[in-house]
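You will see two complexes here that share chain A, one where it goes with chain B and one where it goes with chain C.
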Partner chain A sequence: MSARDELPVQGAEQTLTRGHVGSPDPRPNARRLLQGRGVYIDDLRLPRLAHVVFLRSPHAHARIVRVDSSRARQAPGVIAIFDGATIAQVCKPWVGVLAHLKGIRSPTQYPLAMERACWQGEPVIAVVAQTRAQGEDARDLVEIEWETLPALVDMDDALAGNPVLHPELGDNICFQREVDTGGIDQVFAQADIVVEETFHFGRHTGVCPEGRAILADYNAAEHSLTVHHATQAPHMMHDIISRHLDIPEANVRVICHDVGGAYGIKVHVYPDEMCTAAIAMLLRRPVKFQADRMESFVSDIHAREHKATVRLAATKDGRILGFDLHDLTAIGPYSVYPRTSGIEGNQVVNLTGGPYRHSHYRARMQAVFTNKNVTCQYRAVGHPIAVAITEGIVDLAAQRLNIDPAEFRRRNLIPDDAYPYAFPSGIRFEKLSHHQCLERLLALMNYEGLRADQAQARERGCYRGIGLAAMIEVTNPSAAFYGVGGARISSQDGATLRLEPTGALTVLCSVTEQGQGTETVFAQIAADTVGISMDKVRVITGDTATTPYGGGTWGSRGAGIGGEAVLQSGRALRANILEAAAAILACDRATLEVANDAIVDRLSLRPLLTLAELGRICYYRPDTLPPGFQSELMVTRHYVPRDYAFAFTNGIQASWVEVDTETGFVKLLGHWCVEDCGTVINPLLVDEQIRGGVVQGIGAALFEECCYDDAGQMLNAHLGDYLVPMAGEMPDIVCAHVQTPTHTSELGAKGAGEAGTAGAPAAVMNAINDALVPLEARVTAQPFTPERILAALGRV
Partner chain B sequence: MKPSAFDYVRPSSVDEAIAHLEQFGDRAKVIAGGQTLMATLNMRLSAPELLVDIGRIPGLSGIEVRGSLVSIGALTTHREIERSALLARHVPLLTQAAPHIAHAAIRNSGTIGGSIAFADPAAEWPACCLALDAVIVIRGAGGERRVPARNYFHNLYETDLSATEIITAIECPITPPARRSVFLELARRQGDYAIVGLALLARIDADKLHEVALAFVGAGPTPMLATTAMTALEGRTPDAETLHAAREALTRDLDPGPDLYTSAATKRHLAGVLLGRAIAQLMSGGDQTHGTA
Partner chain C sequence: MALPETEITLRVNGETVRKRVEPRQHLIDFLREGLDLTGSHVGCEHGVCGACTVRVDGRIVRGCLMLAVQADGRSVETIEGVSDSGELADLQHAFHQRNALQCGFCTPGMLLCAGELLATTPAATREQIREHISGNYCRCTGYQAIVDAIETTLASRRANPAGAGT
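Right, the complex of A and B next:
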């Protein structure tokens, strides 16, 4: 952009400081959603729509000896029944590995189990019927003779190869990785203190308000497939459906309507969804699959289930020397396609110790196969584990050295003036603000006041505790995350902006919306950069036939990457608008500016031409424009971060709890989060993200766990027994922000979607353990149930 | 999660409803508020041929005083009980317990008759009925019978009620003003079924407890009347020694099974903690309508 294009009123630095960016604009789509006028997959009614239900394996591990569908076929409303072999003829199988996760392995996975089912909930038979109810009736009539096989449910057994789940792989290790900066044994041997702890993390899942859903509509006349899909990544699914079902890319279209929450659950390839698309082709008609709550629990990806042993070495004046980590995680029978199930453990290795200056690091992680549901990327992937390990061991060191936990962090957090900063392990930070965040947090929560309250409470036998959790977070991932590993997942995104004849602005963006408000953010950026009021902006996302190509929404990338694409596109459109205005007004373009839906004189701000008038002339009376002039009122720009692999963000959380030492109940008295996502585009939406994330993190810390028995049966696959966090138990969550914009984009926004989930479990754990210090009890296994706390106290 | 197909009738009298039940036996199911049954139907844990909806039968709902007792119609919702001024005055235990039952939306539909019929040992009303020495009024083809709650709960989900009978009312003796009540429970989330809970009634006279009634939620295959502990407390000042004896007695009275997150041993421990707290609350004034542990 030349200097001539940029006028002082709306120069590169100023544009974003006025208007909508930074202001708490309410989201335009909220009214529609709150009035129940959203459109989800289950709301779609297509002619000849058929419904598919899945018979899922009731066993964790069993061989399919014989299937008899003859009675089911006779049931009312049944259209067809498919088994694995039939579907495999039209849908190619997949293997969930990535080249940059060296050595990762996984067996080939098919849409429906072939000879063997490897987890309870794996789809085995598809029953297609006129209605869902008829499908379920018929499913009950399918008879399967099973030969049950030993179920591998324990991760230590898995590591020991006892037994080996996929004999062709030789052992149960899916992926392992080691990082060693060298010299660690010596440092630990000579350190003033070394603390060690083993942390356990329960397996849990993201519970989307809208279950997974897909409606695939095959048109035999043009060999085309239109897929209405509750997904976060429509272009990724477009590519996968095209390749696995052998339909030319041009003949596939993936459309997302409203998506009712996703949290990473809806960014993976699911066998039942691929099977539904295959069935649409086989039956040449629209077919719908809507997961119900119980099947969601045994087929949506799970996450976490880690056991991590960590050691920390420090000097006696409280300086951290190094971390030494071993993380073991169980991922189910397959590595999930295409992102793999190796990423979470990989993140744990990347992030442990991350906020702190230290010179030595050794980490070893192993991901092993088991006969439970598959695990994969769920909100904050690996962060909750890494933060809990780090902050748990840091607090233990502070306690051992008798240094206040806030002071201990002050001594060890990477200084705010130390950037750019790189760890020996290779992670690079552009600029973080740990100390600003820490001091802001301590002031916000009245740290000293709470410490005084804690001391008084203890005197009356009431045990309260403060837990701090500093964190770093991976956001705005570049191609280094998936692309370099060979995954056909776009890290770049695009935005198209079109000025309409009435002066309205249409924004088409490849980043999608699942309820978090991305469309609002894009409208704000577009309005500001073009110079248009927000009520004239309409945002369209989630349609591979109309939007630019891109990665969608995951990895805290929507605002930072999609937003920058909108910004660049808006800049370019504004330049084109000015060009057209200069042609219409026959004046020097440099004297013009766009403001408040009109072309104005840049010095007096006097309106000269409305955008509606400009649109009318350009679209309907181009004959009146100077010869040779062609207006371009539609512009597309793309953006991908390239300077850093990730835009790291940072933040810190605090939890304030009271532990009832007779019952083991934890009462959450308060929660605070100060984080730095760079430019805050919409404070309302960022705070919503933080609070929602904190609640999910508290869920992990206190409530949520997918409980399995020794036979690999999930015991709480419904919302009566799987405890999601509810409003009644949640504390007030106070949010504040430090803003350190990234210089890798003009917008300066980093991600904010996962910060809450990343830090909350560690903060709650540390608060509980702080409360229990006088009783010499500690808990390290999440979720911290009353029973686990009572056991730690020696009361049961 | 769709229920298997069933037929549906909505009789307008108890006799008509019983006629349907007589005809279908255990292939029919009564539906009242549906807050338990609908879930079991959708999960196909229950697949009746006929649903007999008693929801519109006149005369099965409402709360009224009859001499020394209060009669609560089977179709009276949890919410109506929670808000009843009559019950707050005459049977405050029910007012205290009601807010612990599920969430407002469920309390608006769920009925006391349904709760007693289903007899979940973790539910609040069954334990309250035991503590209050209430009477369950049951109608069948042979007419009406009155079963004391203390004889009604047989085993896990097994009661005195047969498949061809309908509960029409619950009769609770009026609690005299001198007799205080406390309801406490421990649930990890507001509205969940309790891990363990208790209903306690007693009259305090010169620091001594009299007419003690103590019933536990979630502490056995049925709601559990803690008779040994009741005896240990009866006529005594609840000092440390007495409380200890009462807690010890609970080992005989209670028979909790483990749940997903809590072992039987932990439940016993928690029952003892609740007992101590309930008595402390009783001594310090009782009647706290929203008693939580």
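Right, the complex of A and C next:
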């Protein structure tokens, strides 16, 4: 009997509901965080630890004429000072391109700037000292003579090649892509209506509560490097550190401790972090870099600086015919390694128009180099752009046709019985639930009631609006995302399960934890699959020396891919436990079952042997087992999606706002999100993750923007001026789920972590514009600040 | 630049501590680097995010906006001390049950901030809770679970005043 036959956990169209999976279990690993007893990188204490601080370019674009570190070297506590050329001797540079993004280009990037700096914040000189304060003191004594160069700040200037930032590339285009299903000009020419809008998206960033951090500890005797790293992808970093610092793979170990927020920010290769690892080698001692808030703003990746013009053609009875898109995005001076800065725009092309049945699609995107901080993948990558331009233009079409926005969506969302479904552009959907989600949302929010409230409010000069935003979301990415392009990033994850002699269960998984609750959902899955109680399960993640190899946490993949690996590993371990039990009890294995921490009779559920007793016998008294029998109480299984490039999910959000037309302030009155992530493993965790994502999306819609001046200086690089959502302005958020499990795995779980961020900006935008309809005003440039709203109203 | 160190004497989580510190050193850096009390976190170092919230003489302060020398002769409490005393155990339990944290970086500051509301405003409304914690930045949760957990704790303390913190 195969392991799969023993326990039909999930039948067709059913969710896995046995025991812990599906229940709102609190996170065991949250207890230490609640007492301040977590361990983040900056909490580690190592002997001979040195601290590195970076002198960063104060200019957006400048040549380094001369560096004089002589005074700095004499400062108290200084251990060493390094420039780009010195670090380049031990750390190979990189080029952030991938083969499947055809034509993508980027110049070679070094850990520290070599001859010139290309953005304000680029690390130039590394100062190592006994304490961080001493390092900062000494940094102030480093003298650099700069020759400033023209700063390329505007994306249209960049597109025009005015000037060309990297002359060896010939122009400023990093990556461009076109999709054309054909015949679109004719369709648009013959359509009853065509609507067009240009949307602007403000560049913003992740603002992790904990800044980026790395502590690299070099052992010269072994030529080994242990890297304590606040990262989402330890195996990716393991490989990169090994190759770029020329340390054998076996001599590298990457350990993630508690990570204070990541959201995609901590999944990239950062020059200052690579430099820190190189310095640990050069100084033969542990070296730590902890980014402070102000340098985080100019060195953490930014995202989302886009200008997108979209057209939609429809029939007069409200049937969408096609979308025509041109997206321009500015990515900074380098494409970020190793995931590239082309993915965000690529996603915009892939996802625009995605929820709606349509026959014609044309999209063109261009990513251009500029002298601002680099951009790369940040939570929901491309989705907030694609959802906003799609939902913005869909609302405009509905308004033009005088059709209620909910009804317009009802007419155009891909029918729930149309799956599997493929767009002419090649995107394939296994099974989505747009209409179930829409109807659920409308009921939850009392759509008709809010419309009545809106009408009454307008009569008294109060402008309220409802915004809807349907979305599709890329989750559980296969090797199609990075691997096929040559990136050494695993799309597969693994789980090792070990039954301990006491009957406890240890789970080691390659997916990492940054607070999402991955360790908890793995414990839930393992407990159910093996037949053990949650309190006997211990989960270990984030250590390349002990866990299976895998991708880590990004792309809404942790629960869906890592969870399936745990499930399959649990199945296999359970089968091995039953083999051992049959050997001990001298009975037919088919009569046995594992439940409640014991071997039980399958029919009567009568306990026959505790797992603790089984463990004791297998580990300490194997001499009593039948001749030739060897127990195997530790198993490893891996999982990678193969059937589809991505497990697409869907959902819909609604925002209910009031716009103060005197001040331009937006008050969030309510927010709803109905999402379909397949099997819900832990509703407590998934709801809060969605809410957090929604609030991050609200931040993009209303507050967050990295503002640059014409010289390429970021003007608001601190938390006083860069506004983030705080508790006072946020509404309560109602979450609900439709569950359409993916059949590409037995667990059936799809991703959920990015859904909130993907749809919230569009919902808020549409709500504001709905509120402003009577005033014939519209806003299309995020964030929707009071100033922009007043400008739209003609008041400033 | 560094100035000569000066000696301070204070109580930290009930223990008397005598240390030499640089006059420029912030209280949060003194607690973390000088005393290895790493439960309080450094988030922005300019008084906005609230991750470094600690108590001085019973009132919450931003550890990055106060110098260590200003704590001379005073009593400082951190999340470690408050956890060991059990004073906020009910709030911590409510946070756990409601999953009012994800990465946990803001949590110690959030708990101390909320603890002050529990002590001063037992009948606080949801809006007052949101207002009170609006100086503490959380990027993960969306705040709602935090508000729920504080609201639950307020209600249970009102129902059973003797049970606070146990």
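Here is the rule we go by: the second predicted complex is superposed on the first by the 782 of 796 C-alpha atoms of A that agree within 3 Å, B and C clash if a C-alpha of one lies under 4 Å from a C-alpha of the other, contacts with A are read in each partner's own complex, and residues count from 1 in each chain.
The rule we apply is simple: a contact is a pair of C-beta atoms (placed from the backbone, for glycine too) under 8 Å apart; a residue touches a chain by one contact, two chains touch by 3 or more.
Being a predicted model, the structure only gives us computed values, none of them experimental.
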Given the touch rule stated above, what does A:715 touch, chain B (first), chain C (second), both, or neither? first
Partner chain(s) touched by A:787 [first = chain B, second = chain C, both, neither]: first
Output check: A:43 vs chain B and chain C. Expected answer is one of first, second, both, neither. What do you get? second
Touched partner set for A:707, first chain B, second chain C, both or neither: first
Is A:604 in contact with chain B, with chain C, with both, or with neither (first, second, both, neither)? neither
If you stack the two complexes on chain A, which partner ends up touching A:258: first (chain B), second (chain C), both, or neither? second
In the three-chain superposition, say which chain, chain B or chain C, touches more residues of chain A. C
Based on the superposed arrangement, let me know which partner A:402 touches: chain B (first), chain C (second), both, or neither? neither
Where on chain A do the contacts from chain B and from chain C line up? 133, 137, 292-293, 718, 720, 725-726, 728-729
Using the touch definition up top, name the residues of chain B that touch chain A in the complex. 1-5, 39, 43-44, 186, 188-192, 195, 260-263, 265-266, 269-270, 273, 293
Mind listing the chain A positions that touch chain C in their complex? 26-27, 30-40, 42-43, 45, 76, 131, 133-134, 137, 206-210, 258-263, 292-293, 514-517, 684-685, 688-689, 691-696, 718-720, 724-730, 732-733, 756
Residue ranges of chain C in contact with chain A within the complex: 1-2, 22, 24-25, 32-33, 36, 38-46, 48-49, 51, 78-80, 83, 92, 95-108, 111, 129-131, 133-147
Using the touch rule from the top, collect the residues of chain A that touch chain B in their complex. 132-133, 136-137, 140, 292-294, 662-665, 702-703, 707, 715-716, 718, 720-721, 723, 725-726, 728-729, 785-787, 790, 795-796
